[in-house]
Structures are given as C-alpha cells and as structure tokens.
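Chain nomenclature is as follows: A, B and C, assigned in order of appearance, with residue numbering initiated at 1 for each chain independently.
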Amino acid sequence: MIGQDVIQIATQGRGTYDLTSEIQSIVRSSGVSLGLCNVFIRHTSASLMLCENADPAVMRDLETFMTRIAPDGDPANTHTAEGPDDMPAHIRSVLTQADLNLPIREGRCDLGTWQGVYLWEHRHAPHQRKVTVTVTG
Amino acid sequence: MIGQDVIQIATQGRGTYDLTSEIQSIVRSSGVSLGLCNVFIRHTSASLMLCENADPAVMRDLETFMTRIAPDGDPANTHTAEGPDDMPAHIRSVLTQADLNLPIREGRCDLGTWQGVYLWEHRHAPHQRKVTVTVTG
Amino acid sequence: MIGQDVIQIATQGRGTYDLTSEIQSIVRSSGVSLGLCNVFIRHTSASLMLCENADPAVMRDLETFMTRIAPDGDPANTHTAEGPDDMPAHIRSVLTQADLNLPIREGRCDLGTWQGVYLWEHRHAPHQRKVTVTVTG
C-alpha cells in the first residue's frame, strides 16, 4: 500500500516549524500499521531535520551555529543575486536533509521521545513551502 | 514484504560503533533478496553515518573535525542544562543522519567495499541507544 | 514492484555531476507511477546532494564553503596515506548524503522546480563511481 499527501507550510521567515503532528496524522489516516514514512521537501533553501523537541534553546543554538559557519552576506559567496541569505540557505540545506525516512510501527512514526520533525526555513522572507509525505506499508 | 527489528546498543561514550554485521544479519534473516533496508536512530544526541571502514584514523579525524566546528562547552550555546557536550551532540546529529536507506541486492545490503554503517555516539557518558531496522522487499 | 539499476559515472575529479535526467529515465522505464526512488552511492569520498540547478555559482560557492571548513592538507588530519584530499573527502561525504529518497508521482521523481540530483566528487583525481537506483511502487 502506498499513499501520498502534500503539506503546505506558510513560513514566517527563518526558523523551525514543527511538522510532527501533521505527519503523524497523515500516517494514522493511511491505515498503515507497519511500514515507512518518507518526508520530502521540494526546495533548496529550506530543509528538514529531526531534532530535540523540548527546549527552544536548542533551535536558537542551531541558528547560532549555522550563522557562524555560513553567515549571511559572506563575502566568499558569489551567488548573491537573490540576496545575502540565499547562498547561506543553500549551504544550510545541503548540510541538513531534504528527505527523512521514518519507521512506522503500530500505526505511527516510531520516533524517540525527544524527536520532532521540523521544517527549517533558511530564508528571512516568508515562503510557501511544500513537503510531500509518502506512506508505504 | 516488510519486517522490522530493533537493535540495542550500549555505548561507552563518544565514539563510533560498527553496526554493519548486525544489519546484514537482520537482512539475511528477512529472506528479502531485492529491496531496501531503512536504519533509523531514535535519538537526537547520537546519529548514523556511512563511513570508511578500514583505517581507524578516519574516525579520529572526524572527531577532531566535529570538535573544531562544534566544541564542547562552546560559550555560544545556551542549551547547557544537560551538560557541555549536549548541544554539540545535537549539532553533530543534525549535521549527520538519523536514517540511512540501503539498497538490498542478492540478499544483502549492497554497500561499497569500504563502506561501514556506524552509530556515532556524541555524548561522553555511556548511553543505551535504540536503532530500528526496517526491511522492505 | 521493485526494480534496481546501477549508474556508472566516470568523474573528472572534484566537482558536481548532474544525475537528474538519468534518474528520471530509470523511473520512467520502471513504469512506476506512485512510489519512491532510492539513490545510493557506494563510496565514502564522493556523495549525493539535492541542490539548486540554475546558477553554476551555487556549486562554486559550495566548494568554497567546504574548502574553508575541511581544507585539503589540513594538519589536523592523521589519515593522510591516500593523499591530502582524502580525509577532507570523507568529511564532506559525512556532511552530505550517501542516499536520497525521492517521491515518485505521475511517473517521475516529483522534485521542486529548482532541485537537481548531483553526485559530488570530493577527490581531485578522476574516479569511477557507482550509484544504485532502486524504484519501489
């Protein structure tokens, strides 16, 4: 059995957006009890990650880390036509994930207690983002 | 056909732990000859990677690299309640993988000659880690 | 339905190689209209990435970024027997992907407009690289 849905996320600019409950809801609706859930983002300046879901400071520190290694307006960048945060957004995307593949067990993604699925918007401007969720079982 | 197993790993603290033979054994037991093997770690301060399996110096150099870009006790980190190595562990996890998806061919994960599957423990203290292996074919 | 193909790529040394059309062709030949496409590289000094496919400056800036954080000949590296670019190649591979998992919709990988699938050769010398493509649907 294979089913596919698309999640649309209107981001408010750089930051993380928790997709966990929406993904769990898609898996539940699919009726698959044992299988896999593929989550795929159709963009190259926003990405996906599994991350600690308890303390918001983790997200802030991740932003600080990325800003240090791939700063906006880095003079080393030559791809600047789309703004000082566009090439850093591509770098951040390459360093994280475009797809996550989560085991389904007893009808839900079998995440660890502290794991959440996040969309990470890397651009400062709000964007419309599309994430495809494919459930197999 | 879909089968699922859980591997439990008692880590001895920061370092890499070779899961290759245990994963190959699960694939062999599944009887799947053509398909995919999903390996998923249920944690956010340990991760998975495919890496060169011949020279232990590669693992040491990877530790050195991560220590340079995400040092323990980094004063930039604000998520410090769980210790000076916890936020670096989250960063290292985000930069590597929570899931690997390996093609199965002729009844085994069709890795390259020099590829091994490793759990990378990023915390200094020993931890109990769980890795879910889902075989599809 | 599961099908598997192997793509062989003769790289000309460090740089990116667009695999998108070859992968789309394998998916089309498979006859799968709804499913997933797993792309897996059997090496640890070359990797895969999804990246912006329009401006070649993006690839140049990605090289510059990787050269800055993992320079060839870095004196911190002890794994040097295979040359000054070998350990940096392992680091670059660990920071990017060995496998990509792309949703198939209406008979093709449903990538975003600006997404291309690239092999990233991290060694300076030309290499023969193998990429396994597994289509499920």
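As a working rule, contacts are C-beta pairs under 8 Å (C-beta built on N, C-alpha and C of every residue); 3 or more make two chains touch, one makes a residue touch a chain.
This structure is a prediction, so every number in the text was calculated from the model and none was measured.
Taken as a graph of touching chains, this assembly is fully connected, with contact between every pair of chains. In summary, the pair chain B and chain C forms a contact in which the copies contribute largely different residue numbers, shared numbers making up under half of all those used. Mean C-alpha positions place chain B and chain C at a centre distance of 20 Å. Among all residues of chain A, those that touch two or more other chains are 69, 95, 97, 101, 136. For chain A in complex with chain C, the touching residues are 2, 4, 38, 40-45, 69-70, 76-79, 81, 87, 90-91, 93-95, 97-99, 101, 130, 132, 134, 136. Chain contact summary for the complex, chain A toward chain B: residues 34-36, 49-52, 55, 57-58, 60-62, 64-65, 68-69, 95-97, 100-103, 105, 110-112, 114-115, 136-137.
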